[in-house]
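Okay, here's the structure, questions in a sec.
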Amino acid sequence: MIEFRNVTKSYNNSNHPAVANVSLRVERGEFIFLVGPSGAGKSTIMKLLFREIMPTTGQLFFIKRNIINFTERDILKYRRLIGMVFQDFRLLKQKNVYENVAFALEVLGQSPRKIRQKVPVALEKVGLTGKEKAFPSELSGGEAQRVGIARAIVKDPLIILADEPTGNVDRDNSKQIMKLFESINENGTTVIVATHAWDLVDRMQKRVIALKKGRIIRDEQYGGYATEY
Amino acid sequence: MIEFRNVTKSYNNSNHPAVANVSLRVERGEFIFLVGPSGAGKSTIMKLLFREIMPTTGQLFFIKRNIINFTERDILKYRRLIGMVFQDFRLLKQKNVYENVAFALEVLGQSPRKIRQKVPVALEKVGLTGKEKAFPSELSGGEAQRVGIARAIVKDPLIILADEPTGNVDRDNSKQIMKLFESINENGTTVIVATHAWDLVDRMQKRVIALKKGRIIRDEQYGGYATEY
Amino acid sequence: MEVTLLNINSLGYCLRQSIVSIYRNFWLVLVTAGIIAVSLSVFGGLLLIAVNTGQIIRNVESNVEIAIFLYDEANAEEIQFKLDNLVGVRNSTFVPKEQGLEEFRKSMNMAIPLDGLSGKNNPLPDLFRVKAVRAEIVPELAREIQEFPGVEYVEYGEKVIDILNRVTGWLNTVFLVISSLLALGAIFLIMTTIRISVLSRQEEIGIMKYLGASNSFIRFPFILEGMVIGWLGTLSAALVLGVVYYRLVVLLKQEALAFFVQPVTDMEILLPLLIGLLVIGTLLGGLGSMVSIHRHLKV
Amino acid sequence: MEVTLLNINSLGYCLRQSIVSIYRNFWLVLVTAGIIAVSLSVFGGLLLIAVNTGQIIRNVESNVEIAIFLYDEANAEEIQFKLDNLVGVRNSTFVPKEQGLEEFRKSMNMAIPLDGLSGKNNPLPDLFRVKAVRAEIVPELAREIQEFPGVEYVEYGEKVIDILNRVTGWLNTVFLVISSLLALGAIFLIMTTIRISVLSRQEEIGIMKYLGASNSFIRFPFILEGMVIGWLGTLSAALVLGVVYYRLVVLLKQEALAFFVQPVTDMEILLPLLIGLLVIGTLLGGLGSMVSIHRHLKV
């Protein structure tokens, strides 16, 4: 469904590329862990996929269509298919928890009735029932992160891109979130998770793509966080 | 050196307190892990210690002086003794990496010569040599977090308060950061770390204080992340 | 999975959102409205001054007289009739030579004996005094009257008319320049304020785009909000201007000056001014928002 | 571990920081300076108009004449001498009765024969025309001259003087009101702009406090920045005003109107105005910043 062809991304004021000559195929329904040291380029790959940034060179396909040539309208439609969890949360400061999650559905033009049904379910899944009225500034780190996750899953996306979804969450919550992604994946949603949670990666034995200095150094079908060849 | 006496903190629009009736003594030179599920009140305790927020009831002492009665001048002087790593980083957006770290020393009124010596050393310790000129918006999650750590350690503080210092950092970097804290602690600095990194907590066998719903449920001199009684 | 970019649900959402946003950004809304109020007060004040100055000048102009000196044998009644039917004449008065002498005596000094000049010895001619409807047409009018039979000589304050016309032209230019500058300044101010207020939500707009929100979906609440702000600002400006102006009018009416400087109180002139201000303010707010968020709407 | 709250290192840092900050916030600096420029241009423009209006009125006033009618037996030379030594008299002209008649004939119409009135038959008295240095003192002056021996009657445009004095008073009030409003508006605008610009750095200020920065340490770069911004804004305003005013002056000088409306070009009046504006702008910028960050400086 997704294909990277020799994608390189160099940021303006940086001497070596954040992502270097990456080629990669992701099939529909896959569950992928993106691992690698800090600064390896995981978030950059997520941002490329989300078309938040454009590759410096190379091609990037989504169901045979080149993302790079998308019009603005295409991009919006494309993003509505994706549930993205950002490493820096990116919650709407002016909206409370409920409104933040509901916003993902408002954008799709769903009816108020449907929204009132779906939002509480999503909040329940990430364990935030009771925090609906809190504003982002009133949340703990882990709570804010889970609002981001609820916002991504509430719209039943085609693809879930989760960048470090458990960085601020405790052990039990992390396990639960991974289980959540797993069950969503079992229903056919493609899931890509960038993470440092080595124990969960090891335990789940999914496809693991390891990056180092912007290059893919490992791509195993059933791998761990740091499996040796 | 630090003492909590029946400290309770209730946020305005919340029905149950974030920290409830906590009593706690921290001696000079201790190394303490603060653990507990997301929303347990770890960050709230850190903020109380940093005097970012005031307790609703209870007393809080620093070397026999009640923090609650500090004048503004006292607070500033007190904060200059503390190296704080914030869960949400709190880097100065308008300053680049070097300037962010240097700022901690500028505030102390240190000479430009001394600053030029110390900053590169701190950046080296957290593995950020080469990123001096980058602005916070140009950093990866882990890099931003490490800038926060460098800023905290550069001023040779009396106490280090680190809230989730390894949430966005990979396994190796996390280990290295914990080692860094350990060596600083060995030189006499008191270190308090709130974290979800259970493997590191387990491995290091330091004093562990576990929180749940704002209450201390465990306080072991040499404990793990989830040691059973 | 077909998605529409904006539907009825979205519209309802946008409307609700504008209201919530105004409520939550109360302070910023207030400041922005305040700036619009100040700008438009100054601008509206200038307009009022311009309207009143125009009135004063017209007042002075309409007092400019044409003096028509007649031959002794002239038919005054016929000339009177002709004058009454002449386009551009506001009114005309016949001044017989006796009255002319009397006026002259008064203007010199009552104590001076001019008795020897009365009756047959009166050296002055009969004359008409004519007022025109507008100062500009006085020269034209004078030329026409000169052609009447029985008219020896026509005279009017050529110099005064000339100066008045120049002053009017000059004032018009000055007002045009000042009000254009002010209008530009006000627009600049309002746009900047809105832009800064949008700037503070730049991040939010970015996040909305990331979630797949279309430009209209993001823009609509901002524009509504801008219009409400503009409208609030203008209303305050109108209120301030109204109160200040009313006080000035009352003050002037009490003064003996009232005759010389008659403030415009005609609702036919003032109401369009008010409505114009309101429309301008509302549009400025809305358009300002629209233009200001434009730059933040790139995907 | 003794720490001082502000030392020489910190001062150096603050200075460097202000410069870096202006450079990095270029756009915001520009907008803020722009708003100050617009506000002060309007304000300065009003001041120029006021200065010029004052000049015009003084011009008109100084043309008000006192007519002094003499008895036939009066000693004109003695009166002339007395007038020349009277405080408040700008100049005086003697008009013998023959000249008076001539002028009267001209004012009526050359064609009218007044030959019978010349010489012994001349009914007019000799008179002096006196101009005062200021309009206000004319009534006082007239009263004094009335007491001179040989003066039969003194006359001046009582009505004109009265109206002029009232108009002057009125204009002064209007200008005072408008310029106070404008000044208030300008201050409000500038403060708001700076406040919004500070607001956008609220987070930064908070972080600085967390790192133990003292209020002066945080404030100093902001105030310096504000002063530079205020100064830049005022300079632009002065430039705009200067160019526009210069063009107007040139335009007016070409017009025949020049005599009637003489623009003030005296550097002695204009320079203090300019310097005043610069000082006001710089202070406004600095004080504005100071006041604006005040609310964000709580620990």
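By written order: A, B, C and D. Residues from 1 in each chain.
In this section, contacts are C-beta pairs under 8 Å (C-beta built on N, C-alpha and C of every residue); 3 or more make two chains touch, one makes a residue touch a chain.
For reference, the UniProt names are A, B = Cell division ATP-binding protein FtsE; C, D = Cell division protein FtsX.
In this text, all values refer to a predicted model and were calculated from it rather than measured experimentally.
Under the touch definition stated at the top, chain C and chain D share no contacting partner at all.
Of all chains, the one whose CA centroid is most distant from that of chain D is A.
In terms of their C-alpha centroids, the spacing between chain A and chain D amounts to 66 Å.
Averaged C-alpha coordinates put the centre of chain A at 29 Å from the centre of chain B.
Rounded to whole angstrom units, the spacing between the C-alpha centres of chain A and chain C is 62. Chain contacts: chain D has no residue touching two or more partner chains. Contact with two or more other chains is made by no residue of chain A. If you draw each protein chain as a dot and join the dots that touch, you get one closed loop, with every dot joined to exactly two others.
Here the chains touching each other pair up as A-B, A-C, B-D, C-D.
The touching residues of chain C, counted against chain A in their complex, run 1, 3-7, 9-10, 12-13, 21, 24-25, 201, 203-204, 207-215, 217, 299.
Across the complex, chain B is touched by residues 11, 13-14, 35-40, 43, 87-88, 133-134, 138, 140-143, 146, 163-164, 167-174, 196, 198-199, 225-226 of chain A.
Residues of chain A touching chain C in their complex: 50-52, 72-73, 75-81, 84, 86, 90-94, 103-104, 106-112, 151, 158.
On the chain D side of its complex with chain C, the touching residues are 28, 31, 34-35, 38-39, 41-42, 45, 49, 69, 104, 108-109, 111-114, 116-117, 121, 123-125, 152-153, 155, 163, 166-167, 170, 174, 177-178, 181-182, 185, 188-189, 192-193, 195-197, 199-200, 244, 252, 255-257, 260-261.
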